[in-house]
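These notes open a run of structures that come right after.
One chain, chain A, links the two complexes that follow: it is found with chain B in the first and with chain C in the second.
Moving on to the complex of A and B:
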């Protein structure tokens, strides 16, 4: 690379090395990073695909290496190691690590008993999700017919998934057990001593402290997030709904049917794909406006309050913060009623004579465009105080000498904003903008409590019930789930589509944002 | 730098003008932002009609709505439910979030990056999706409908480890040399956690408690689904929404809803204002570090 001592010769649009970067002024550095953020977006997409490809490749390489290692451990191992392949923990017990060995052994016994008692039963039900409907059977002891429960498709699916996960956990533990033997052999060969049970326990507060700390959080996440998500992904490939509830009427696998109905464009109007397209595009429009109106207006208010010479800064800030302290549902429900057809606003307009009679009242929530504008405007009212808080904190971190040197160079307030404040803010809050955008895609409260998705749109009438013009994907999902027909399978298809949209956006941005990469920079 | 007196005056006048504009804007903003709440308070004291009317200041002031709220609706139950949920959630959630964020921020172990990426991706699924199965499983254990308080605590708390970002951002800013010095002196990682870092973490602990306590007061989606239209299992958000959910309800309960809104807003707002400093630190730090 060509080295130059004059920083003015470096073009900010080219890639420059760390050494040259140091020569830039702070301002130039920030500008450089911003330019490269936007330059990075196409590369981000490309590297995403490369990354996925390399993940797949690495996975197979890893499997191959792992299998070789297992075979080698068996071939080279002593009889203790070899027996451990069948009796888990045997090696550990034989070598004096009784606690470890017993844990392995107990796990193996529990696994075998579980599989014998229930595991194979549920695995067998998984391909069909149950075949027996509830019925009646003759009970000779009571000399009467009694009700007999049939299969429960819900349980078949849930326990089937749990059993598969348990088998995977067993395979992992078995592999751990094999590795354990290999390591122990090596340690003993080199003449060192193995760890005692006491060492093992006390290491949980030191070398293995992360396992202690993570045990509770990860258990919760597994049972309340991972497992439900796995289950719901599978539900998208079944016909689970209110009519096929699993016990009075079984549900079963339907393959890709649900996805096909979402993307089938040949059914004319009133089909799912039309509704999905409409709602998805409004969701994105909403998320865009909700995020950026809040962002820029919040920044604007914060800059006004922070301006030198403005008095009572604490009072202005306090008033706004006060309004954001009130639980959102109260503000939203109240404002929603305030603007309703019989609400306060229309009432006051009538009383003051601005509108002459009831036939002229403004129907804020019944006109598509008006309702959409209203939710965005009210969202500004809800969100700006929060943004103001964030921006105020960040503004204070902008080095004051940046402004000082800009002033000396004769930059006015607007120039200072566009050349210093805005670039700095965009750079620092890049990740926040993304999370906020995702948050708005899933912003249930604002939409549901203001309009409940209305006004209803006959175009969006589908087999899953109606949807309205302000419905987001997430409120639609809620309506489908809680509606009369409870089309769970459709809800999970939409959930998956939300996931696809969000992760597509996120991966592109995450690949392009530099500040998420250098985690250690903050320490 | 020399400037002529005339130009100097011009700058000052310009400054004064822009400040005046800003004051006008700030006053307008303050009014717009406060007005709905002022209306809400006025309407909660209105005696002459329980329905929506076209004026703000009541013709007759009184506490009728507040009294009716406690005698004619289940508001005390909703309030108690929410309070209990908030209390339990704040304690358990704080422990979980601190464990998670501390580990991911200050301990280095195999699979740490993978774990963080997996949780990031899990977060892309809409949270409500898992409610369909959770509701069913909770109902097997009788933790829904009238008995939904423990069920809701479980739902709020169990996955709270995924919301570690703000807290991790805080731990990231504490210098690592502190840990290293203590480790050189022979402290275990457990001792570093309890004796070195925890005493420094008051702001983030208070922030986590505060947000965990406040969240159940505003949650609508989960609470509505789990309580399943059973009044005894509702939180304030679902209960108050239920009061005005149909036109008949609206005409009978509208002012009581306003009174309920005031009663919920007061404790939460006071709590928030007292701990505002910690909240601002948490929010700002979290936004910057993502």
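Moving on to the complex of A and C:
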């Protein structure tokens, strides 16, 4: 330990050069890195704010430039350009680009008609999400009560958002139309010819082919991903729940009230922060163990099976892979029943005389610690085979000469694992580890099908009911959404919080894993 | 107008076609051969054979009513789940559906049930037992059709383990189960519907009141009391036993249970397993501190509801169909096939029904049962945890702490009641009823508040926790000189703005929306 003596006068709190760093002991190196990670946080936060600030600044600069450009186009343009500011596509048509011009024109007409017929209606409803309650009317002839339609908050919100997006699309297209005129003028000035409709169409199959290909997927992403996410985020700021479902009872904007219930400690039993904190911490513990137990055990199993001299490799692999041949939810439900107090496992223990009577029954799902351990262990059982398959493939890819030279240098098996296999593995599977960690934070199936979140924890009792000791944020969210009061707004708030946690972790880890930093290392 | 809006939307956002086409309304009521034809969706219990029987019954209804042709799509959805699924999307929900009684208030509040016409109301009231009619009523109006009167629980036991002289005492039963290495199955910690039995035994009540819209306004809940503590001690007899198994599954008899507390719906399963060894009885009694209490229970009904329709012809047709499906003939049929206890008084009077052993046990238990009124949905989630408290408690103080938490959670459900004058003085917190002292007397509310000096001394009166209930500022009948009545149409706010800081008393009438303002 001479090195320790040498490094005595180096303070771990100062920045240390590479050479000095090598002098430190392993423990000191780790400590140094931890200290500097935390030392770096203020700087990191500061630079984040700087970045956001510069983004905002750039945005305004961009707007300013764009506006100047629009004004200049108008001032310098001929009458065709000027008219195009009001009648979109006029310039294009007048200059012979009929197809382009018509497309602009049709879009403008559609926009105006839409806004007149429906757009302003929905836009007007957006601030209140509807004011007219649906009612009932009595029909004396048939002796029945019928529903009289009123506003529907759900539609007000959805179509209101769609209208705003449509307006943005219109502004973008209008800007495109202006730009188009400017470009056309410049081209004509330089004496060249404008593209014909035929050229336009054929370019969509040639140099613009990416646009043709991406049109459909992008539309799909917009309607099936972007719009629902936008909608769900907005729901967090309303009181949309079972009692205010929009169709029969209107819901409305409530500002930050819903977030208040997570963070305001003065709400008594309406306050969810204790439950949220408890569940979040278990969620992270679970995600950590579920990810790394699977990872290392999977790797271990794969290495064992891959070892020279192991016979019947295919059979071992086959047996393990069988667990994934049965759909996961079936095997999970079955295992859940198996381990219940009156399940197969306890029955077997009783019948074989290993436990003498009921008092020794193992209540797997009714004890907090036992239930938590069980879900992790069962997760290993269903997760290891996948890891084994992935790892087997990677193991075969590690150049054999690395091991050969290691052996010649006298490295033992453990050294080979820690110096060659593990770094290689971490490099290749780093992103996988990250995604599977995030996947485990949201691992609804394993938890809900095994324990449904139980055992219930009386300490987490709030007016929204109680949460269990194995509840993850996502199963808790499910309970709240499908629970007695169908609190969609709260589910949306929790969804946003999960997103914050996940993105925070993902950003840190993503920047830390070797795969994204040293691309060259293993190529 | 709505149709026009919709079609124009489709026109303009071509891609929207994909979405809206799915929700496009079906055309109904096409007249063919004089009979109005309706395509409807029906949800009934997912138990074996129920959908088939319902199909037969609807066909019979079609044959008997020549002016109506019902084309029903029948789906099996558990009666305890139906409400949750219905509330998720009332608009595209089923036209006719069955649900358990505890879901009624939620459904009324969500506007998912059509009130019965006067003729239909009279028919239902005349044909069904009083408990069933009460169960289908909210604030004096009949919202649905009683389907069964058997939604209660009692005790099934295995005669080879339990003898008839044991069935009266809980401790004896639990001991017999322990001695024979058998389980005692009762959902004491997974369902408040079952563990409430202990509280009803000691005379505790949980009475909930709703207004006409199904919103809960108050509760008389005595679970957190000396009697409640006794009930918790009674629950400990079961919860602390090694034989305890929190389940109400009839198939438990094949998994080592000697006693299962459940209802009529488990009959066929249990009969298949136990055969002649099946015994039924009312629930046992338990003894705490030398006093004996007979376990109570919930007694209730399963109900059938009709979704509100905009077309009166269809509403009327559905009303007739629901009356038929819940009538004597269909109820008896269900009793014969599935053993469902009828709510129809004529059906109840038949020999087969009145001598049915499970229904006899249920009737014996009914003497101790609490009719299940309208109960706040969250109560089920809150109260079930009391079973876990009884199981894990190590002292009476633990039991009491559990009850205290329970009470706090129940009270919190109502902390958002009342009205609040939101503004800068309480940080626009519409859930904070404390900073503006409020008293309510029927329709009249009085709020005393301190308005501090600030740039914007404005605010408005809303129901606590609900921005959608703005009282407005148009009808200030007194004290208009103290304020600026302000109507910002741009964002829909109707704020009352005070001209100077000070202490004010604001009184308002909830129905006439008249506001009086006095400076103190």
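By definition in this document, the second predicted complex is superposed on the first by the 437 of 523 C-alpha atoms of A that agree within 3 Å, B and C clash if a C-alpha of one lies under 4 Å from a C-alpha of the other, contacts with A are read in each partner's own complex, and residues count from 1 in each chain.
Just so we're on the same page, a contact is a pair of C-beta atoms (placed from the backbone, for glycine too) under 8 Å apart; a residue touches a chain by one contact, two chains touch by 3 or more.
All values reported here derive from a predicted model rather than from experimental measurement.
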| item | value |
| --- | --- |
| Chain B versus chain C as contact partner of A:143, first or second or both or neither | second |
| Partner chain in contact with A:302 - chain B first, chain C second, else both or neither | neither |
| Contact breadth on chain A, by residue count: chain C or chain B | B |
| Partner chain in contact with A:162 - chain B first, chain C second, else both or neither | second |
| Which of chain B and chain C A:287 touches, first, second, both or neither | neither |
| Which of chain B and chain C A:242 touches, first, second, both or neither | second |
| Partner chain(s) touched by A:390 [first = chain B, second = chain C, both, neither] | first |
| First (chain B), second (chain C), both or neither touched by A:252 | second |
| A:209 touches, of chain B and chain C: first, second, both or neither? | first |
| Partner chain(s) touched by A:342 [first = chain B, second = chain C, both, neither] | both |
| Common ground on chain A, meaning residues reached by chain C in one complex and by chain B in the other | 223, 342-343, 347, 350, 482 |
| Chain A contact footprint on chain B (complex, rising order) | 15, 18-19, 22-23, 25-26, 29-30, 32-34, 36-37, 39-40, 43, 51-56, 95-97, 99-100, 102-103, 107, 109, 112, 119-122, 124-134, 136-137, 154-155, 157-162, 169, 172-173, 175-176, 188-190, 193, 214, 217-218, 220-221, 225, 236-237, 240-241, 244, 250, 254, 257-258, 261, 264-265, 268-269, 272-273, 276, 280-281, 283-285, 287-290 |
| Of chain A, residues touching chain B in the complex | 154, 158, 202, 205-207, 209-210, 212-214, 216-218, 220-221, 223-229, 231-232, 235, 301, 304-305, 307, 309-310, 316, 319-323, 325-331, 333-335, 337-338, 340, 342-344, 346-351, 381, 384-386, 389-390, 392-394, 397, 413, 428-432, 434-435, 438, 442, 444-445, 448-449, 473-474, 477-478, 481-482, 488, 491-492, 495, 498-499, 502-503, 506, 515-516, 519, 522-523 |
| Partner chain A, residues of chain C touching it in the complex | 2, 4-5, 8-9, 11-13, 15-16, 18-19, 84, 87-91, 106, 109-112, 114-120, 178, 181-183, 189-190, 213, 215, 242-243, 245, 247, 252, 255-257, 308-313, 315-316, 319, 376-382, 384-385, 388-389, 391-392, 402, 405-406, 408-413, 415-416, 428-431, 465-468, 490-492 |
| List of chain A residues in touch with chain C within their complex | 110-111, 113-114, 117-118, 121, 127-128, 131, 134, 136, 138-139, 141-149, 152, 159, 162, 166, 219, 222-223, 239, 242-245, 247-255, 257, 260, 267-270, 341-343, 347, 350, 357-359, 361, 366, 454-459, 461-466, 482-486 |
